[in-house]
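A single structure is presented below for examination.
So that you can tell them apart, the chains are marked A, B, C, D, E and F in the order they are listed, and the count of residues begins at 1 in each.
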């Protein structure tokens, strides 16, 4: 039995509240159960120097966790003066995932930054970030299209992400914190709406897993992402 | 005329949503109009080394602004590797303001950290932070009292803060961003519910002001804080 | 009684030694009693990138305290790798105060940096810094005028600053260290020679103060600044 | 055709030179073709404070790339003052991989640090690091056993890692730099000698991949790791 | 001819003003011509953790240059967030030089820090720092002896330092800035009052020098240090 | 007797293995006994901004020590976030030494960086670095000449360095670690093949030394450098 009483292939409630803040070109508050992440998409009409002059744009991400998003207060990274390895790993993953569905040439020489700030953490903050970032990016790009700055849509697919793991010997979907901290294996899958895989990461925390285990986790992820794709569509009104 | 159409002595709508997040011992989302700050109070039963052994506790604050809380995206301080002078100045002010109403001896050897994170900025983020932090602190201390960890209440007063300024020659209450960026003088007052002043800061941005101007700003602040004190009480159910 | 035996409205001896060092365009060693601050004004004929092209100049300040300016040795900020929040708060205040009396358009596209380094500390280092910085700035601008680089004088007023506080229940002028560390309230006023106020900051350290208290502190500050304005004039030979 | 002329399932030459340096408790220079990594294992008989008192030890890793290990010189991370996100991601992966085969309780309250420094880079530096780190760890633990400090062997398995990718539409084993920089997908697998998986990471760089693609990459990795396990055994004389 | 008109073996005026500041246990303002360095000695009755428990003390130094000590303003190291290589090199030299004349066992488990802050620079700041630091150290140790905290004098010798160089082909003593920036060789010698050498550093800036050149520089340094030893004695009233 | 049984004027075995890595324009692994340093020379056809436009090039050096190059593991400077004072002092010395034999005008507007990374340390790492750096520089410049990018050779001399010290009262050549940690004086000489001196540094660690001692150390250094010059020539095939 899962601590939450969920079935092994059951997602937590997915909530996506668009326009949670008003200044950003795209903004959502996404929830996977008690995990809540504020994602904003910021469009800048210029690129950092090392990306200029290639006739294409860039999509990047930054990730942060508010100090008391967690059960016990963590140190503020701005006060410590550096981002942890975990933070950097996550924001690199978010950026790659969104670039996997974006045609950077069609985007043109502009940068879109996806800021993912965890308001409340209960497992799955990086997968909620990716899933919410797609909505924020979609909103920002719709804005560029509406403003006539883009004529062709650079977004080729939906992208979503979900965590899976082996908990008490059973593969389960969408780990919450109690499961995450006790799982034998912890995986994150980033999937496209055409069924292909942008990123698969599966880490043994206790006993190592086998090929069959990896495939069962992937199949759970497909179930979860189907739900997320639907929630994303609803959030953007389609 | 003010850009928002408000009367000179009119506050923006004050909204205080308690328990906005669930892990912290106290938590509110406070709004002064479009300015929204998430404040959490975290109780730790130990002090940093330099504060130990004095038989008293500590109340401190940290402040941050999400990168896209503002009209244009600002750099993430965690990524830059340091907090700006402005950030440090604000978080020092918040900490002092809350300590002004707390009996640290009664608090005992524990630390309460008030994290103030600006979700959306439209002027007055530091005063909203202070005003919300009092509610979060109140909730955290009520928890300690309910748990039997405190027998006497260390909070001696309510504290609230509001900005005032001289805009187009007229003293006005609770500056929003368009006023703040054009005001001749910009003041922040931190007041107690007994009418005394914990902190007064009044800075000329354009023409310098005189004693009468300072007093008129203070009197506006009293009007605003009366509203905030009422909203604080309502938020804690009193 | 004050520890120094001074009357409540009595400044410490004000000493201003111009040309204390020889390389800077302006330089003074200012003393308020045992507090001694070396202030230099450095003129640079170029602006940092973010200030260029607006047809105006910039006046800024940096502040530092030699490690053994104080009773016990403090850490060297350069060795720690960052400036404290207190340092940043003070240098921002100094910069604002001097800009309050400078016409940046008349200054032209150049930058003047006021370096305030505390040689010996006995309370009031920030107010001595501001008061001395005006003299150093005056000297530097006189140099620009003499060299024909400026035809109109960009300095519109004298500016001076002094601390006041409530010590043992009595408002007193120009706190020294024993008073500063025991005062109930601690205020800094930055005043212009026309009687207007550039900055007022009054912080309760113990009991909070009331409007009457604030006004009495301001009136003491006027007395102190009158003395400082005279000493500034004498230092520049007027 | 692969640029190197290798068959799709062909590893580069694996070279493991034990005792490359003399101070460390374990030391190897491992080569996967032209990629060469110096790995040392350092035993410290004390743990960092946050790991003490749990009756178990710790295995961790640090990773670095000499500035001119690469085709063009990269900045020295020590001079820049921080480790890149890539570096941190890699060293976290190495540490997890080695802990996956170590019984930390049997290790006792000591720490073993695996320093992986890339002398020359031609793709696969993280997988060579993991594969070499196992040998260095084995040597260090053999030393502890020989010295009578350990009575039971805390190493439960061999662990090895190899990269695979989809290059020109074909899944290939052990990417070198020309392949790595042009591959559509880039995967790293960390495998145990009992056939289980400690870590799988597969990232689409161009077109996303499907389940069959993931499995084909995994099967290539099994082929490569079989070779590496043999080379590890030979290096430790078994 | 030297720019200053001095003879090749002629020191600039040496001025040592003891008790320049009042909080430190020892304090001097030392001048070599226009070079002026404020040196304070701070006694702390505890050692940093890594020096404790050896039954001996420590003498260390820190060095800084005020931003406008030089002809053009340099960046403030505290603002840049790190000390330059030059700064670190100099403060390590000062520390070694003073430890060369101090019996650390006799000093007991306490630390003396020599802060050398350059008020005005005209060449020779490191040698003036060492020469002044000896006087400050002497004063601090005399204080410890007078307070009965030391019964035996841990200072075994006087130590002084001076720069020499080859300027326009001629070996000259005590380089000022115009000479220093144009010299072919630049040397610093740290000498004891018994004629022995604590440190010799001679660097070719243009043409390399030979053994005879090195010896001639050393002989000039002996002449200069004789003058400095006399000035040190006079400063401490002997 | 020396711990190693060497005669006082006897160098350790000098080994220079050219082309140790393949990407750099010049590369050697140099050994002085058990000390082994990997030196690479990297040519960049552009200068950092502050060196541009003078019609000349730049030669600079960086130095690092792998964490377990030493008997006990040292902290990784990249992880600590700064280079130690010792590291900076050494890399400044290496850079100066190589510039002493290079005609920067003939080099043209390009930069050569010498990265010296200590693989294994047993005393003399900075002198081995300098001696190896000359070979790497020679190789890089030969490459520029062969490519027709240089027509005149900017290298004017060979440069080599060696340490000497007073160990148990006897001047000895080329200190290894046991000698280095116990010597009364520790000197490093950087010599040119024409017999002149680029840099002399002699530091008393215990008893101070006299002029005769300094000369005896210098003469030992000449013996050592003669051997190193021969090994350098052999390494470049002359």
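By definition in this document, a contact is a pair of C-beta atoms (placed from the backbone, for glycine too) under 8 Å apart; a residue touches a chain by one contact, two chains touch by 3 or more.
Molecules present, by chain and UniProt name: A, B, C, D, E, F = Ribonuclease PH.
Owing to the predicted nature of the structure, the values given are computational and were not obtained by experimental measurement.
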Taking contact as defined at the start, I'd like the list of chains shared as neighbours by subunit A (Ribonuclease PH) and subunit D (Ribonuclease PH). none
Starting at subunit C (Ribonuclease PH), how many touching-chain steps does it take at least to reach subunit D (Ribonuclease PH)? 3
Compute the centre of every chain as the mean of its C-alpha atoms, then state which one is farthest from the centre of subunit C (Ribonuclease PH). D
How many Å are there between the centre of subunit A (Ribonuclease PH) and the centre of subunit E (Ribonuclease PH), using C-alpha atoms for each centre? 59
In whole angstrom, the CA-centroid distance of subunit C (Ribonuclease PH) from subunit E (Ribonuclease PH) equals 32
Express in whole angstrom the distance between the two chain centres, defined as the mean CA positions of subunit C (Ribonuclease PH) and subunit F (Ribonuclease PH). 50
Among the residues of subunit D (Ribonuclease PH), pick out those that touch two or more other chains and give their numbers. 81-82
Ring topology as an ordered chain list, initiated at subunit D (Ribonuclease PH) and continued via subunit F (Ribonuclease PH): D, F, E, C, B, A
In the complex of these two chains, what residues of subunit F (Ribonuclease PH) are touching subunit E (Ribonuclease PH)? 82, 84-86, 88-89, 91-92, 96, 100, 192, 194-204, 207-211, 213-215, 218
Using the touch definition from the top, list the residues of subunit D (Ribonuclease PH) that touch subunit F (Ribonuclease PH) in their complex. 21-24, 27, 34, 36, 38, 40, 42, 44, 62, 64, 66-73, 76-79, 81-83, 87, 113, 115, 117, 119-121
